[in-house]
Structures are given as structure tokens and as C-alpha cells.
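Labels run A, B and C following the written order; every chain starts at residue 1.
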Amino acid sequence: MKATMQTTQTLSAVSPPRARNISFAWLGVVPFFIFAILFLILPSATLLIGSVQDRQGNLTLGNFAGMFQGVTLKFVAAPSEASLLGVTFPLPFTVDFQSNSIVSAYILSMQVGIITALTGGIFGFLLAYAAVLGGLPKFVRSALLTFSGVASYFSGVPLAFAFVATLGRLGFITVLLRNYFDFDLYMTGFSVISLLGLILTYTYFQFPLMVLVITPALDGLKREWREASENLGASGAEYWRYVAFPIILPSLLGTMILLFGNSFGAVATAYALTGGNFQLATILIFRQIRGEVLQDPGLGYAVAVGMIIVMALSLALYYWLQRRSERWLRR
Amino acid sequence: MAFLELTNVSKVFGQTAAVQDFNLNVERGEFVSFLGPSGCGKTTTLRMIAGFELPTTGTVIINGNDVTFKPPQKRNTGMVFQAYALFPNMNVAENIGFGLKIARKPKDEIKKRVEEVLAIIKMDSFGNRYPYQLSGGQQQRVALARALAIQPQVLLLDEPLSALDAKIRVSLRQEIRAIQQKLGITTVYVTHDQEEALSLSDRVVVMNNAKIEQVGTPFEIYNFPNTEFTAQFVGTLNHISATVRDVANGVLAIDSQQVVTAQKLEGVSNGTAVTVSIRPERISFAEDGRKPNVLNIKVENITFLGSIVRVQVRAGDNLFLMDTFNNPFLKLPEIGDTVEITFSKEAVLVLKNGS
Amino acid sequence: MKRSTLFPWILIFLGFLYFFLPLIGTLDFSLRLVKDQITLEAYKNVLTSARFQNTFTYSFVMALWTILAGTLLITPTAYWVHLKLPHLRPLIEFVTLLTYVVPAIILVFGIIRVYSRPPLSILESELGADFLLVMGYVAMSLPAMYRSVDTGLRAMDVRTLTEAAQSLGAGWRTILAAVIFPNLRIALLSGAFITFAMVIGEFTIATFLARPAFGPYMANLGQTRPYESTALTIISLSLTWACIGVMQFLGRGTQGQIQVTR
């Protein structure tokens, strides 16, 4: 308390004679908050307000209800089958969203987000594990970190072009396989302008991010933990199962959530790769702004606000996990 | 046959020898400390007993079994680390029960054993806490409990108290000793703190430069150091230069004042310059009672250390220390006073010069 | 005792394949404008095209404005928060998080909606649109810029330096100009390079504000001129990576930081 008061005194001693004590300190951050209000909060708030208004400007939740229009949920006696991420499992109801472009777009975006978070996340984790704990020479680790730092910035339009140039019909790998291995990639049904192509492309900037985040976490595993567990009779596998993996799991999951958001909010790569024909939620908004789809503007705002909600939820989950692991690893 | 036998153990890391020709037998239930400065090889030796390092030569035998090349998992030792090394993702009970869980013990047996050990460290109600919710001292007690839970043949402690506050260090050290005596568990304790080693151990192994300097009871180590290093490292030691006056009768001169030693003088002749060592606590003021040796000194400095008062004195060019017990009625001389100090013949140890 | 390193090596090998194959593929593709021949023709076409020169210059200038605006906005704020208003830190962090929660496409959607109608209809004028573009970019690069400056401030112990300068009789202007900015130079430079790398090829905001920027030009070219657009990819990549390289070089020793890209 005393120290604070002293500081205030010394500071006011150099400030102009009349601007004393109160209010002066606030001036320093005012531009920042004006900026934030004008270019972050106001635009988001406008979308939010637009999403709960009908054409006449009356308050309504109709736009959000409209997002689900045409989706039917039927409970059936015999379990139907659903397929998510290529895994089929039984469900006690059927959902039909094919006729609703909004819900389909959201589901596609989430699929891409989840799959690339998983592929990028797992691949990135394995790479970091190999470099940090795999017993490889030191230079491998610094090389991996450097490349990851660089590759994580490779996104947007150029990334899409790079994958077309590599895996497209006339792409480098496609031609290589055809000429030297007599194998036609495109005869298998593969296309770079497909879900698989998009996933491969997104993974390119996803896995480096995982490497960058998880490497410090792996460094944080103390040697004593391993020794203590060995001393208590645990094998290497048991150490990983009971100690190391649970310790890094929150950062692992947290990072995957960031990766999910990263892919969920991306638009440039997908647009450049598929020419806007691939119905992701971001592409839907892209076309909505251009006035190509959805006649109802309120519905467009609702779609945008829906994305904000998904991002906010994922961020909240990320923070929850982050706090958990920080608490563990304090001191 | 001793319970823990280390025979001709050595460890070489690259070009440097971390441990050389280490021989030690520890009896069942004995508490042995490895004492030495950092880098003397004490921790490496402990890690070879635990199995984290393989000896370059020699054998490690625990309870008749040669475990030299066995992995740590197969040795049944209980290790306590300096930095606690509790698993942060497990609560106290899970930490303590970890070894038993790995050994596939039934759940209720684990629960019972965890409760027993928690009672031993007097933390009965802490089972559900997480390590980050505990103080350093509590964490280290849990680490001790975790090591004890598996009923190890040998308990190994690697500087377990050095990360703690001074107060907790003393109380936990007494607790460790009490638990060790109650359980009768064979214990090896690594420390660089002579007070810890002397107060805890049945025997102390003083190490320096990868080698054993001396093995003995705390009493022997403190009072009869075999080597210059032991004498230096354990306790405070004054070094005073003196000249031999009479070899036969053990008469020396410090600043041309006469001093007699009980030690037999060998390898020196009259007139040889020697170094004499005297522990500060063996010197007292002459007015409290005269002993055979009396010196006139000048008081240079007085430091109050709580239970003792440390006085720096000067005799000619020699500066040295004397300790006297504190009491409220103590009459201390002033700085600059010239007073008489006294000490016994036995207190005077003659070291060869240059050593 | 020693475990086999075969599996780690295989993983690292796969990682490096994933990293390099698209780069090699792109480079290879960009050199094949003329059938059965390695040629720099595509690069020549691109570099001599007036559209390229115009859009690139435009984006370059906008990037500079973004860096200037971002630096002027964020440095005093971060400094102030460090020195006098530490309790505002959560609020500042909330604002930087907003940029994650509101992706570029949503942000530009909102900006259009706010600034294309009264009372703030500045989108109509060229200057207004340029201004909005720069503000959008500042918002996008806000987390990276703020983190960079914040790390720099943390490393130099602002409070002590400020108080030392004050005790020597320096006024506020002198403190900022002679003490804080020079010590923050590396943090600011590395923030500037991240910003540049993010902004130079930006597509979404520029498209919807209908700006003649490099990103939309690249996307456009991709639909008609595959070889030229690949050459452009290589050019823009080299530029971006040069920035990242400079930034990583500058940032040696400072805490590792990650940047969420999109």
C-alpha cells in the first residue's frame, strides 16, 4: 500500500502540474479501447443484434430457429446407423439434415475441424515425442522446431495452390506416381478438391502448431517422475499410462481444441482450393456476404453468430483445460 | 554378511571418474549417510544402489542378491528425491498407492496400506489433496510415505531436505530418524549438510573427489577425523601457524607463546613450521577456568549466533575463532581488548605443513 | 538400456516428407510453364505483370500502415498496463481473445455491416475502405503484436527502468523515446515481421472490402493461370519465410511463442 502511494507520488511529480492523481493514467489506454470497441466489439455486436431481429426490426429468435429449418429428428424403434469420422455406430433416432444447407455446412466444418485437429494433433505429438524423448541427436529437435515455426505460417491462398501443384491432377506427386510407379492416384477416386484433400491441406499448418505447443510440455516432464515410477516398480509403458500421459493430456486436448478453432474459422485455403464450391460454414458466410445464398439477412447474421458461439465455447474449454494443467505443474 | 554390500564400485562418465573404488557394508536396519561437497560422487553412488546408473566396475548386493545389473523396477528400493518428484496428476493417496497398484495388489489392501503409511507420517486427513495443495515439507513427507508404502528393502534419500526451510528441515529430519528407527529400515541418506549427517546417522561416510575419505560414527568423524579433508569439512576448524620448539615433549610456539599438544610429533624437528588445528568450541576464556594451554589474544570481532557466541581473536598474524555458549549473564570482552584464552593439550592437532 | 531409435527416425522422416513434398511439388510445378522444359517463364510473366506490381505495392503499403498503427496503438497500452494499470490486464487479454473468437470472415462481415450505412458510412470512399482494411489487419495481428511487446516489456523490467529514468530527471516523452522504445526495439521488430507475414497475402478481409490487394489477386490468378499462380506462391512464401526467419533470429533467447494462424 505504502509502496503504491509512493510510486503515484513520484509519477505525478513528472507529469504536467495540473493533470494529477486520478484519470490521467486512464488516458494511456483509451485509444486501445476505442479501437477495440470500434473494430472488434461493434462489428460483433451488430451481427448479434441483427441475428435477433426480423426484417421489421422486431426482437425474435426466429433466425436461429430458421437455421434448423427442414432438419427432422425422428425417433425410431430400431436403431439406425450414423457415421461420424468414418466410424459407424447405432443411434435411436434418425436425423435428416441433407435438405438444410446451414446445418450441413456446420456439420461439415465441424467434421473438418475435428478430423484435422486429430490428424494434426496426433501427428504433431508423435513428432514432438520422437524429437524430445526419442533419443535422437539434438539437431533434429531444433530443426523440427524451426520447420514447424515456418510451416505454421504457411496458410491461406498459397497453401491451397501448393497442394494443387502437388496432389492435383497434374501435381508433382500425381505425375511422379503415374510415371514411375504406374499408379494413377485419381483412378482411386482421390481428388485434392475433396474432403480428404482439404484435410491433408489443413493438416499442413495444424501439425506444426501442435509440435510448437507440445514440445515445451514434453520438456516439462521431469526426469525424477520417470525415476520415481521406475523405483516404485513401473515399466516404461506403465509410466506413460499412469504418469506422463495424464500430465500432458490437458495440454494435448487444449491444443487440439485450438487446432479445431483454427480450422473451423479458416476460409481462404478452402476457398482457393475448391473455388467456393465446398460448403463449409465459413464458405456459406462468404457467399452470404456476396449475396449469393440465403435471401434472409437475419438468417445470415444468425449463421455468423453461431460460429462465434462455437469458437467461444471451444475457447472456454481450452481455458478450463489450460488452468488444470497449469495448476498441476506450478512450482 | 551385511545387508547391503557395495564392493569395488566405480563409475566413470566419459573421461571423469564420478566414483572410485567404493567399498561399504551396511547392516540391516542401519542408517548410513553419505556426506560430502557437491560433485563428490555421493549421489551417483546412491543412484547405483537404486539402479538408475550402472556401475563401471564392482558389485551391489542387497540382502544376498546381486542386483548390480538389475533394472530399478526389480530392486525393491524406496527412493526419496530432493525435488519431491510427486506425480502432479495424482492425489496423495494415489501417489502413495502407486507402487502397490503397479504390483497389482488388491484395492482394499492398497487402501489399508495407504492409511497405515499416512498415519506414520501423521497426515491422515490429507489423502485427497493434490501435491500443488501441499507445502514443501508436506510434499516431502508424502514422498517418504510413497517410498515406504512398497516396504522396500533399502530406503534411499537423496538430499531430501535441502529444498526446505531451515525450521522444517530440522523437524522433518527428526521425524525421518524416528520413522526409520520405528520401522528398522535399512537407510542410505545423501547430504552435503554435516549437521544432518551427524544428527541422523549410525554411521557417516565422508566422500571427496569420488573417493571415501572416512567411515565412522558421527562421534568418530567429528572428534577423530582421519584426514585433513574430514577435519575441514565436518565442523569448523581453525588453522594456526606454529613452530616446533620441543619434539619430545610436544611443545610448540604460536606467536612466540608456548603451547603443548598431546599428539606425538613425528617427522618434524625443532624449528619446523607446522599448522595447528583447533576446533572453536574447544577454546574458552581463561577467567572461566584455566586449562594447560593459555594464550594472550586480542579480540577482533564478536558475532552473536543464538545459542553460541563466536569470537574472532588474533594472536600475532593468526586470526582464528572461538565459540562460547550463550547465557544471559555472559560477560563478553569488548572488541580490541586483550584477554587470555585457554584450551587442553588434546585440542591441539598438528597437521603437516603445506597439507 | 538403450532403446531403438528406428521408430522416432521414421516419424521424423515422415514429418519432413510432409513438410517438404508440397514445397518441392510447388517449385517443380512453377517451373513447367513450357512443356517438357524447366523454365522461369512463369516467374517472368508474373513479375512483369502490372497487376502484380500494383497489388503487391498496395499490400506492401497497407502492411506498413498496419505495422505503424499497431505499434502506436499497442506499445503505449502495454507499457501503461505494465506500469500503472496491471488490473486492466484481464480486460486487455479478453480483447486479444476476441480476435480468436471472431474469425476474419466474421469480423469483415460485421465491419461491412457497421461501416456501410449511416452514421459511419466510410466504406464508400477509397480512403475509408483503406482505413478499414488497416484496422481489420491491426485487429488480426493484435494478439501476436501484443504478446511480442508484452514479452519484451517483461524482459526489461519496465518499472525499475522508468523509475531510474525519473530519478535522473527525465520527463515522460524522454522516457518513452529514449528508454522504452530502444529497449523494445527487438520485440517491436519481431512483432512487425509477424504482422507483415500475416498481412501481405491476406485474402478474406481484402476481398470483402474490395481492395486491390495481393491476396485476392493471387486467388484470382489461380483460377486462370495455374503456373503463374504457383510461381506467385513460391514468391510469397519466400517473402513470408524471410520475415519469419528474421523474426526467429531476432527472437532468439526470448520465450518461445506460438501464433494461431488462419
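Going forward, contacts are C-beta pairs under 8 Å (C-beta built on N, C-alpha and C of every residue); 3 or more make two chains touch, one makes a residue touch a chain.
Note that the structure is a prediction, hence the values are computed from the model and not measured.
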{"item": "Overall pattern in which the protein chains touch one another (line/ring/star/complete/other)", "value": "line"}
{"item": "Innermost chain, where centres are averages of C-alpha coordinates", "value": "A"}
{"item": "Between chain B and chain A, distance of the C-alpha-averaged centres to the nearest whole Å", "value": "56"}
{"item": "Approximate Å spacing (C-alpha centroids) for the pair chain B, chain C", "value": "59"}
{"item": "Centre distance in Å when chain A and chain C are each reduced to the mean of their C-alpha atoms", "value": "18"}
{"item": "Chain B residues touching chain A - in the complex, by the definition given at the top", "value": "50-52, 71-73, 76-79, 81, 83-90, 98-99, 101-103, 130-132, 143, 146-147, 150"}
{"item": "Chain A to chain C touching residues, read off their complex", "value": "7, 10-11, 13-15, 25-26, 28-29, 31-33, 35-36, 38-44, 46-47, 50, 123, 126-127, 129-131, 134-136, 140, 144-147, 149-158, 160-167, 170-173, 203-205, 207, 209, 212-213, 216, 258, 261-262, 264-268, 271-272, 275, 282, 285-286, 289, 304, 307-308, 311-312, 315"}
{"item": "Complex contact set, residues of chain A against chain B", "value": "222, 224-225, 227-235, 238, 242-243, 246-247, 327-331"}
{"item": "Complex interface listing, chain C residues touching chain A", "value": "2-3, 5, 7-9, 11-12, 14-16, 18-19, 21-26, 28-30, 73-74, 76-77, 79-81, 84-85, 88, 92, 95, 97-114, 135-136, 138-139, 163, 166, 170-172, 197-198, 201-204, 208, 215, 218-219, 222-223, 226, 229-230, 232-233, 236-237, 240-241, 244-245, 248, 256, 258-262"}
